[in-house]
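A short write-up of the structure that comes next.
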Amino acid sequence: MDNVFSNAQRAEVLTQALPYIRKYNGKIVVVKYGGNAMINEQLKQQVMEDIVLLWLIGVKVVLVHGGGPEISEMMSKLGKKPEFVDGLRVTDKETVDIVQMILAGKMNKTLVNLLEMKGGKAMGISGMDGRLIEAKMKDERLGYVGKIVDVNIRPIQDLLEKGYIPVVSTLGCDREGNAYNINGDTAAAYIAGALEAENLFMMTDIAGVLRDKDDPSTLIPKMTVSDAARLKEEGVVSGGMIPKVDCCVEAIHKGVKKVIIMDGRISHSILMELLTDEGAGTMVVGG
Amino acid sequence: MDNVFSNAQRAEVLTQALPYIRKYNGKIVVVKYGGNAMINEQLKQQVMEDIVLLWLIGVKVVLVHGGGPEISEMMSKLGKKPEFVDGLRVTDKETVDIVQMILAGKMNKTLVNLLEMKGGKAMGISGMDGRLIEAKMKDERLGYVGKIVDVNIRPIQDLLEKGYIPVVSTLGCDREGNAYNINGDTAAAYIAGALEAENLFMMTDIAGVLRDKDDPSTLIPKMTVSDAARLKEEGVVSGGMIPKVDCCVEAIHKGVKKVIIMDGRISHSILMELLTDEGAGTMVVGG
Amino acid sequence: MDNVFSNAQRAEVLTQALPYIRKYNGKIVVVKYGGNAMINEQLKQQVMEDIVLLWLIGVKVVLVHGGGPEISEMMSKLGKKPEFVDGLRVTDKETVDIVQMILAGKMNKTLVNLLEMKGGKAMGISGMDGRLIEAKMKDERLGYVGKIVDVNIRPIQDLLEKGYIPVVSTLGCDREGNAYNINGDTAAAYIAGALEAENLFMMTDIAGVLRDKDDPSTLIPKMTVSDAARLKEEGVVSGGMIPKVDCCVEAIHKGVKKVIIMDGRISHSILMELLTDEGAGTMVVGG
Amino acid sequence: MDNVFSNAQRAEVLTQALPYIRKYNGKIVVVKYGGNAMINEQLKQQVMEDIVLLWLIGVKVVLVHGGGPEISEMMSKLGKKPEFVDGLRVTDKETVDIVQMILAGKMNKTLVNLLEMKGGKAMGISGMDGRLIEAKMKDERLGYVGKIVDVNIRPIQDLLEKGYIPVVSTLGCDREGNAYNINGDTAAAYIAGALEAENLFMMTDIAGVLRDKDDPSTLIPKMTVSDAARLKEEGVVSGGMIPKVDCCVEAIHKGVKKVIIMDGRISHSILMELLTDEGAGTMVVGG
Amino acid sequence: MDNVFSNAQRAEVLTQALPYIRKYNGKIVVVKYGGNAMINEQLKQQVMEDIVLLWLIGVKVVLVHGGGPEISEMMSKLGKKPEFVDGLRVTDKETVDIVQMILAGKMNKTLVNLLEMKGGKAMGISGMDGRLIEAKMKDERLGYVGKIVDVNIRPIQDLLEKGYIPVVSTLGCDREGNAYNINGDTAAAYIAGALEAENLFMMTDIAGVLRDKDDPSTLIPKMTVSDAARLKEEGVVSGGMIPKVDCCVEAIHKGVKKVIIMDGRISHSILMELLTDEGAGTMVVGG
Amino acid sequence: MDNVFSNAQRAEVLTQALPYIRKYNGKIVVVKYGGNAMINEQLKQQVMEDIVLLWLIGVKVVLVHGGGPEISEMMSKLGKKPEFVDGLRVTDKETVDIVQMILAGKMNKTLVNLLEMKGGKAMGISGMDGRLIEAKMKDERLGYVGKIVDVNIRPIQDLLEKGYIPVVSTLGCDREGNAYNINGDTAAAYIAGALEAENLFMMTDIAGVLRDKDDPSTLIPKMTVSDAARLKEEGVVSGGMIPKVDCCVEAIHKGVKKVIIMDGRISHSILMELLTDEGAGTMVVGG
């Protein structure tokens, strides 16, 4: 593709980006990244490029990542057999240890490394560092699945003040020294809310919220908080989309200006959201 | 041109600019702009866009502007007849007043206004503000044509620290309250030197230094300080190009890393210089 | 006069100024200077001395200057014939250009230069720098006569924080890149208000508000905002004094503690106002 | 033990610690902790208490931890068969992934959590965050075993400035995105040197350097850098003690004032080192 | 006593102090010291050690001292005969001079010196420095006995910000240049209140508030503000204890969290208060 | 005298002071005041006014005061009989206590109070606060007469940074807790030197250095360090003037730009020194 553009064209494109760059300068943007959206290696490279570019033009980017298929993979490698209670997976001590290793050890440092390679200055922490995410058990039968009790946002602010891109693994901790597995979307919503972020990008591997989930042409490009409630009632938002939309609404309630359920399968979808007023995916706003 | 690029292509171009953006982040770049290079309105708009874009991505840009045809125009409007001594124009008190009005009143504020419209935060000063440029008479017979005695760079640093794009009119002052007309290229070289700028862009309306001044294909893309001396000796650098090349050499001596005699007739030539390692015009470096 | 005082007397005078100096230390004082008050060269020198002295003893002084006879003079030199609509002068594009040159080019830099010569550290800007004064057309038929839409006081505060005496030309700008001629008294009132200045000195070439405008002994030394309304009703404040008194009242409403319509024909009238509780001219206060 | 001391005795002990507390106030102390020294759970608790206490009394403590038996354990759990080249273990890509998970995921966060529980404010990073430890392959046949190329100490200083106890996993990174396993003692020596630390505590599970390694009564309590060279020559320092002593010497060369090979099997050995002039283990100093 | 404890025991005691140290880190604690509590030299040394230890572990300690027997002693040495009005001692000009000398000259500097010797960084001021304590005559017949009109806490905050232990002599001043003798307990209550101190320690030479003042076993360890009112009514708090308890209540009303009437005859009573939840003396709290 | 000057004359005098005010703005000036120069009450008021005026116009003034006749007075009141060794007065423990009381208690606070009344913000400390002046015995037979070992200037800088006029009593301290009486002139020279002060004013009750000590018309208005040596040799500088001139020379050696032995019997002599280039007394400069 490099050869396609002349330098003059490149300059033209850059200057056309000017008003958008200006708009986000100095603002806080949280990117939730993880799960299936993270599998394609080329897309991962592009998400990292987008984040470093935002950071270079003065946006304060926070990358929140949840787990992914690597946790299940490691569990099966270690011969962990899944236990279930009422159909929900039990996270025992050994499992939360694996989650901790994969999230804070494997994925966090790999993302930090990618950002550094693209030219960013990143520091990777978890919800256990500086007691960022205080949690408690959601349901005793499920073990170490955490419900967020409090978000102490100071550690992220300290890293932003020092000029880093904070990369956050969604683990929680309590006063007794336990670690908890925290749902990535929920953690991102709480963190973006506590930071009063301008935007929260929820990177997914789907097109966004669809009226007919088999027809991408029925994408709902924008919804308000009250639309969201109605769409849930009508059954348009259903299944796995319900908790995701709930997180978006929660983030808006906590002070985020705009949440985007973003189709991460599209190249440079974050930058594209900044370049046009349409954007890829479904935007959730207040009202 | 807007319709030519898809959003995906735009994103692609932006991310390809990443390493260059990173390189200039936090650096000081001085742009000398004026004279004939300033006449074409569309090019002027593009230079302003380039400057604001640089500013937004964290480059500390200083815009130094000299006069232009508008001074002569105003003089003739006011019925001022040019006087000459040994073929050089005499700048009497009334003339330096006109220079002051055109530079600090007309051009400076117009440039500030353009930068603000493009989204920048600019503040326009002259060499008289904060005693930035202290000068004395070069030759008594020529009147208020100033020779730079000292550059007190503090006012520009103060504006940079407060986040402005300083726009500087090249007037000088002395302790007796006289104003002086200062050569724009010289002032830019002194200012860039005092700031230990990364780059000094000398915007012109020519292709650069040519071996054969009638053949643009003989452009010398890069020369060292010692090349410059040799080329002057050989007569390749001659006529009006001599003082310009001298200014470049002076700037390098004073601590600027790279000076570019830039072909301002090319759209977005400043950005293009940042996007490729070739660049338009002639680059002067130490050595 | 130098020889009149012994050094002991000088010391005595200085120490007697102590409580007054103490009172204004760290406070913001705006001086509106322009028009006829600016003609007498010796008085101009004294006003500059007063401002630098205030600055040296820790007062944060802002000098706002309007135009003067020099604008009309330049217009007639350039052969501009005044046009009128309903008896009001039309300010076309060419005229506002002349205003810009005279205010921001000629007068602003000359005042900056004088302050520097007296030992001050000054920086001259206009209402176009940092979008200080945003304006729009007052009346389309009058052309570029501006009505203030917003005052963004940050540029002045930035200069004060960096220790400069800001010198402000009363030009306005809009988002389309137009320049406007702004009434000096109004601009000073808005700026002083936005700064919550302690004092606003309106330098004039009259004695102040007089009960009988031909009898200086009928000077009204002090009036409240409600006095002002009553005096306008009674016709005591009339003619050209009406907009001036309106500006004073506006400044008080916007948060200035005290406005003084000051007789600028008296030597060092600003310092004298600081040395006695009477002062020269008419003081306007709240209530 | 709680019941043994009266409150008066406790106060007495505290005030006797005063001169020592004063001495270390504001100083940087690096604690290298890991391997066998980390196995005993009660001792681990005590080391954490010591670190938090130092932090509370104003010492800037940095905790550097290497791996331990947990890496081997995980490798065997995952069915990784050790490969050897010339008797040295090969660290292939998969192995360095495991190291990363155990160090940065499991151990780092567990240590952070313990410090937080004891009342400290800790943040856990690795040599990959902020490019703290740049490394390259030591020997291609050994795979991802890293040799330190450069230590960029800024990330640790940033965390100290923000009031955290930095907890550092000894991983390295290169510009191609590879992770490396770095020897813990070496990393600690480099980090302590770059910080010009007052003390570097090398926590071990041995008594220190012994003249006769089977007789604890032959402990060498203190040695200079030149003693160390001589003792190596004499064969007193031999086997696994050689690289450890080399690290101590390296740290001294890089600017650390005092390195202590500390017997971590003794309760609160770090605090005890601060309370007496003898201390447990072998101290290495310059000279 | 030194020989009684092993180093291991010392370490144990220190780590047991950890949660208490953590609790007071960064908090403001005011110690009122003076009068009879100051006579015993060994106890004085211990109080100083306690203060320096608190300061070293990050507590912001302010030492307020009143006069003591040394004032009376100096008065009798100088042959001053006490005068009385209605049974109260008259403080004439000469007497307040003596108070000033003893408090600000003798005692203040001696305390500063002791704190420095113990390793602290102390600066001694009086209520006259920076107009800390503005006062007026309580009763004209009593002369220069001051009633506090205002406390300007800035000087103490300035010293705390610069890292000093402020040592404050309880003198007052008025706008006419008079010095006043201020009751030490009252001054301490006002200062602790203005600082919103965590704790105010009132060092005394009694056991605390006793139900039966001849029976130390009847100590009231803790009382609320409303308890205090009731105990005064019941006559349990009587005589010289009334003004002291009133000061404690005043301090609580002004924002201090906890006031302790402390038995200064016990070694290291301040540190002991920090080590146990009981403490020596009577604690007064809100409610 | 108030009625003598018109307001216009006052303004004239103030503006004539402008260049002098400008020169001293931001500079450090040390005033040594004490002894006989302090006796006249009206002159004392004027010295205080001068200091506050300097402080208000941005000079950083430090007031160093020695003792005066009040020490001897108090000693005789307390029935202390002077003891002598080789003709020099012995300062026993009791005497140094009296010195401490008079200097740090009586005089220091009285000067602070006067400065505050004149509108200044003052804080009074001694050489014992923050270990400002470390001293040792000069001669064991003389007792607590101190020789300066070290000046730790930080406490004075801390007060200047916080905007206070530091008022310093010339006491010294050692590590054993002893107080010392320090010669005022010496202390002032050391302090001014450590501060690299612009000026050191040595206030005296004589005309300055006279060629013929009975003839004021023989005043030496200015001398260099080498002049001073010569004048001592020649016997012109003799008796009590020797140590004073030695102090001046010492101050110059330590980095003070200009020392003035000033005739404190003249009203506002400090301000007068600032207003003219002659000044009252003898100026000592380098060379």
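In order of appearance the chains are A, B, C, D, E and F, and numbering begins at 1 in each one.
Definition applied: a residue touches a chain if its C-beta (ideal position, glycine included) is under 8 Å from a C-beta of that chain, and two chains touch if they have at least 3 such contacts.
Remember, it's a predicted structure, so these values are computed and weren't measured experimentally.
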item	value
Chain labels contacting chain A and also chain F	none
Chain whose average C-alpha position is farthest from chain C's own	D
Over-half contact-pair match to A-B, picked out of the listed pairs E-F, B-C or C-F	C-F
Chain D-chain E separation of Cα centroids, rounded to whole Å	45
Distance between chain centroids, defined by C-alpha means - chain C, chain E (Å)	55
Category of the chain touch graph - line, ring, star, complete, other	ring
Running round the ring (origin chain B, first step to chain C), the chains in order	B, C, F, E, D, A
Complex contact set, residues of chain D against chain A	77-78, 97, 100-106, 108-109, 112-114, 116-117, 121-126, 128-131, 155, 158, 161-162, 164, 171, 173, 175-177, 179
Chain A residues within the chain B interface of the complex	1-2, 4-5, 7-19, 21-22, 25, 46, 49-50, 52-53, 56-58, 118-119, 266-268, 271-272, 275-276
